[in-house]
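In what comes next, chain A is part of two complexes: it sits with chain B in the first one and with chain C in the second one.
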Partner chain A sequence: MVRYLITRLGQALVVVVIVTVIAFLILHLLPGGAARATLGKEATLEQLAAFNHEMGYDRPWIQQYGMYVQRLLHGDLGYSYQLNQTVVEAISQRLPKTMVLSLLSTLLAIVLAIPLGVIQAVRRNRWPDYAITSLSLLAYATPIFFMGLMMIILFSQVWPILPPEAPQGFTVAEVLADPAGLVLPTVTLAIVTIAVYSRYVRSAMVDNLNENYVRTARSKGLSERRVVLRHTLRNGLFPIIALLGMYLPALFSGALVVESLFNFPGMGQLFWQAALKRDFPILLGVTVIISIATVLGALVADLLYAAVDPRVRLRRSTT
Partner chain B sequence: MRSRFPGRALRGAVAAAGAVALAAGLVACGGGSGSSKNGGSQGKDTVTVAFRTPNWILPISAPGFTQGENAIFGQALYRSLYQYKLDGTAQYNIDPQRSMAEPPVVSDGGRTLTITLKDNTWSDGKPVTTKDIQFWYDLVTANKDRWASYRAGGFPDNIAQWSIKDDKTFSITTTKVYNTAWFVDNQLNRITPVPQHAWDKDSATAVVNDLASTPQGARKVFDFLTAASKDPKTYDSNELWKVTSGPWKLAKYVPNGEVTLTAQPNYSGVDKPKLAKVVLRPFTSDDSEFNVLRAGDIDYGYVPAANQSQEGYLKSKGYTVSPWYGWSVTYLQLNFNNPKTGVLFQQPYLRQAMQMLIDQPTISKVIWSGTAAPTCGPVPAKPGTNGTDATGCAYSFDPAKAKELLESHGWKVTPDGQTTCQTAGTGPNQCGEGIAAGTALNLTVTSQTGFAATTKMFAEIKSQMAKLGIQLTIKEVPDSVAVTPACKPTEATCSWDMSFFGSQGSWYYPAFASGERLFATDAPVNLGSYSNPEADKLIEATQFSGDESTLKAYNDFLAKDLPVLWMPNPVFQVSAYRSGLQGVEPQDPMNLMYFQDWSWK
Partner chain C sequence: MSTLSPTVRPGAAPDQPADEAEAPVRGLWRQGLAVFCENRLALVGLGLFVLLAGICFLGPLFYHTDQVHTDLTAVHLAPGQQGHPLGTDGVGYDQLGRLMLGGQTSIIVGLAAGILATAVGTLWGAVAGFVGGWVDAAMMRVVDAMMSIPSLFLFMLLAAIVTPSVPMLILIIGAFAWLGPARLVRGEALTLRSREYVQAMRAMGGTGGRAVRRHIVPNAIGTVTVNATFQVADAILYVAYLSFLGLGVPPPAANWGGMLSDGLADTYSGHWWLLYPPGIAIILIVLAFNFIGDGLRDAFEVRLRRR
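Here is the complex of A and B:
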């Protein structure tokens, strides 16, 4: 197991390095220099040159990359002129808030999607299945921007019971201290996830309910409830585990649309604004974080899979 | 048995959903938030304003930190020596009420300006004296390479002698005789007294002395102050920023988040704050701002261009909707140095023909819903006075005349096709120098993305140009890319033809709207490399001649010569504020906000 972990972490490191090289190259190929974007149209050529020199943008890209990696190894992700903050400060300000929103919405999605998926499977091709399937497809097909806007109009303007913006607190504690502000963005973000997860659970449950082990359990006289919840559901959750692993990067990268709509300055907004303003240090910093989250997410998914599925462990131990 | 499960599961799922809904409901009620917790402040002594988070506090601007929000924030805490107003009532446009000094007394044939400070104090009770002015001067002189307002040859390079007469009086002698109005409006506007008794040191623990009186010392002090200003998370706790001269003090600062200003009880100016608190709330997008505005949760905001049809709704909710006119002009930049198309722009008749295809009045009225006004030349019309009328513009919308101009200069005009140069050469009836026979009028406009009105405007212009066979390709890019760089023909970056970054106005002037930074040869923001010796002469005259007609002569010449194509000038923003909030109007055309004037009815 330890050897497996070390191998996977080594692979992860290689992937992260490759991602940073590609990101670095692409960013430096973008039209419109960082200097002009930062200093504005009034900046003189001398000021532009001084900026490029200070940030190291006047050096060959390979040298810039070398300097970047050197700083990265010391935990220094650079400084953002646009924000007047170090990249570490900017990310550490937004990442916890993004994670709160993402975790809450994921939790809500799981709590609702699993029972919905089970109901659909058990009541397959009957009205509950059709009703939930229709609603899922509707939720899935509705642009999240439109859904959020409808939520705001309904619950903040027509029936003003919830605030139209997310909590404006600086820290996680301040964000959590305003739970009302979290309701609309969390629900908006969760709705699409519920639709997706419930479809996966339904599909897996339907497959498993037709398996021999289920037939055996039923023939042994076990109650249907026990058959479904104790025997089938565990296997039916495998796709969700895989999805959760792949969801880890999303946890770090934020939800741009929801953040924009609900005035919640998270990681998605940070990256988007940085892209518009050619804020290279932020773009690179976020890319590094997300690439690490992606490879770790894949690793976590594999480990979780192994934890719940003895067949995976068995296969791994025999190879 | 089988039938039992779904019923229970269904009930379970309904119970789970119910629990979530109940929790949400409880949160909504128990949290007490609803729409009111963060809400507007009508009837209280607080106002909540949609406002980007300022990120620079030192009242000496640094490159990269010159955004409008920093200027407003800076003025709330540290007043400039002079404040300006453009209503034409004041000498040199100086606002006598808000300024910290009397208007300058001019002597020595216009070379010397003597300035007397009014009786003002810092927030700690110490008087504002010429020592604070000298301290500022020492800092910017020794650090001009790091001062955003520095331009080679400008302040302080153009100061021959700077002398302190006494605690209240100082004088400035310039190297040349300048137009006093220009010098007062565009050079003295940089002066901001800074508290020498609190800041003249190079570390937080050092004792204040006269360190900045030497260039080396001034650099150390500037390093220290700049480092403090680059640490926004300490803005509301750092002792440096507690000594202020403005009407507000900083109560709370969240980097990239909300900023709270409270009234400065020791403010010595005459325009005392009428409110106790101003909350500046940033928004992640226009949509989020407008949703909150519609919900009535802020007292002052703006109506995004895409939502201007909802003006009626906002009014019905108790908001006053008011366009904020800027002291600005808007234009389409032409790249005279483009190695391929630059030769086209060099031809005045071609610029004129293209200008005649821009229907400014209609675009202003229809596309900008009346919130833009035609630009006729480099000097802006008095803000808000010219509506959508283009009377007085040198070139009005006239496609027939544009066609005639092209044809009379050797072009074969093919409506909705491809107009080409038929008669190459430099004669009066020929296309012009450097334009080969067969050259087509294919041009690319690099424009800002994210502004629906701008997109529609260029669709209209493209359509009008196509009618004369001028083919425009519109390329929408982020703001930072739309500001195309000035370039030499040999440089790779010189491939752009035309660029537009004026969705909120291309250029905002200081009080004196001269063009030395825009249209003079090699001027820093002459991005299209326009060059005309006559224009240079007229621009110089606006700076050095006391004759008031120089500005008009400069305007008239460039209005006709077209260093750029003049475009409809949009308002800075359409503001929406609660009708009970007074003192918001008039909105300053130079884009400052004076929260101290605001109060609730």
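Here is the complex of A and C:
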């Protein structure tokens, strides 16, 4: 386990370093570089040169990358002149709210996807399986913002029981104080997740139902219910832990769209508004932070997976 | 393993080889095609795609509309009014004609980005899988790193830097959607490289090039093709998301995603013909590619299983 832990930690670290290199390269890919992005279109060449000198952007690239990493390690992601606050400040106000949204919708997705997947596996190739598969495909093919709009039309226009806008609170507590407003964004974000997760649960369950230990359990005379719920489900659920980590990038991408549609004051909305205003310090800061969050999330999921399922760490440490 | 048995048991099949050597290659494709055709959903998907592409690319030849000049005397006409079967939008473009034009962009960007992503990913994954060692490790860490940047954030970031045009959208999406295929192909290359029949061929003096041409490419091509269809579906969705987030192709060019997000503004004004047709069109084309992909997967898998 220790060896697996060290290998996996090392991999995560390398990945984080490459992420910062990519972000750094994009910063220098900008037309006119960071100076043009910060000072705007009207800045004169002298102003650009002065800015570049002050920020150290006229030094060799290697040295610049070193400075970039140094600032990053000190929690300095730059300053947004458009929001008139530091990038770290802007992100720390928004990140917790995005985490609340992602967490709620993931919980909802897990709670619904597991029973759905189990039903599909037990009744495979019969109508419950086909019905759920068709609905999953439909959910997958629908753009999230179209789905969200359908929800708004259904639940706040045709049958007005829920507000069409997300809570506008400044803090997490204020957001949570308006649970009705959270319902539509959470459900919208959860629908696609349910489609993906239930497919995984289905195939994991189908694989396990064909295993010898299931046949043993059945021949011992256990009820089918007990075989499925006590024996197979436990093994079938392990891959879901790894999937939680793998699915994080898609989840955050989805949150970006959902937050923009429902006007949810999270990191996705911050990023969206920054993109429309070409606020590059925010754009790069959010990208780096959300990527690091993804790497950490995947790391935690993988370690958990290895902790509960010894086959994983044994298989990986031998290769 | 069964592929080796004829050589292991000499004389077991003296008069088969001539037939067998030719038949499988053609037969495999025909078998695959037969399986694909048996899959009704796959045929539905193919039919849907042909139908939608036909309407979008051939439709304008028969149904002429002005999609360049705005007509402010004919805005928000309901379907059927003044000879507009699907009405007009907020600046007087004929909605049906616009759907055709938008569909062209969506389909072209989807196909091109999907193919580009598949090509880059296949190359990257194949090199990593074949070379192995630290090159493989380094190349795959790059893939890991790029995969941990949520793709929509990356697309938005790049779309904010360059002004999105159709070729730009293809490049942006294609340049970052190749990670999935890269992982897949690397996995395939690793397993195929160590297969007994490949090693046997190498032991008999076959070259690496022959291994790639005769064994690894034909075997991996199934996975790659199946994945490519899903890539196309994803690319069409990504274009829609970028348009929704305000970074799609600017007017008078159109795409389904952009039309759909413009239609969002009309939710409360009752102009349903601006909202549902592009939404349904996107769902149909994405479903079509998913059905085709599922059908292809069945076709390729059965082909492999029967061998």
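A few comments on the model shown:
Heads up, the rule we're going with is that the second predicted complex is superposed on the first by the 251 of 319 C-alpha atoms of A that agree within 3 Å, B and C clash if a C-alpha of one lies under 4 Å from a C-alpha of the other, contacts with A are read in each partner's own complex, and residues count from 1 in each chain.
The working rule: a residue touches a chain if its C-beta (ideal position, glycine included) is under 8 Å from a C-beta of that chain, and two chains touch if they have at least 3 such contacts.
Note that the coordinates shown come from a computational prediction; the quantities given were computed from them, not determined experimentally.
In the superposition on chain A, A:E89 makes contact with chain B only, not with chain C.
Contact with neither chain B nor chain C is seen for A:A204 once the two complexes are overlaid on the shared chain. Of the two partner chains, chain C is the only one that A:L284 touches; chain B does not reach it.
The wider contact with chain A, measured as residues touched, comes from B rather than the other of chain B and chain C.
In the superposition on chain A, A:T142 makes contact with chain C only, while chain B stays out of contact range.
Of the two partner chains, chain C is the only one that A:T294 touches; chain B does not reach it.
In the superposed model, A:E165 makes contact with chain B only, not with chain C. Touch criterion met: A:I152 reaches chain B and chain C at once. By the touch criterion defined above, A:A217 lies against neither chain B nor chain C after alignment on the C-alpha atoms of chain A. Judged by the touch definition given at the top, the superposed model places A:L276 against both chain B and chain C.
Counting contacts as defined above, chain A residues 31, 149, 152, 157, 260-261, 275-276, 278 meet chain B in one complex and chain C in the other.
Listing the residues of chain A that touch chain B in their complex gives 31-33, 36-47, 50-51, 81-85, 89-90, 93, 108, 111-112, 115-116, 118-119, 122-123, 128, 149, 152, 156-157, 160-165, 168, 170, 178-183, 187, 223-225, 228, 259-265, 269, 275-278. On chain C, the positions that touch chain A within their shared complex are 141-142, 144-154, 156-161, 233, 237, 240-241, 244-247, 257, 260-261, 264, 267-268, 275, 279, 282-283, 286-287, 290.
The touching residues of chain A, when paired with chain C in their complex, are 11, 14-16, 18-19, 22, 26, 29-31, 137-138, 140-146, 149, 152-153, 157, 248-250, 252-253, 256-257, 260-261, 271-272, 275-276, 278, 280, 283-284, 286-287, 290-291, 294-295, 298.
Within the complex formed with chain A, the chain B residues making contact are 1-2, 4-6, 8-10, 12-13, 16-17, 20, 24-25, 27-35, 37-38, 55-56, 63-67, 145, 148, 151-152, 229-230, 232-233, 254-258, 281-285, 287-289, 291-292, 294-295, 297, 477-481, 483, 485-486, 501, 517, 524-525, 527.
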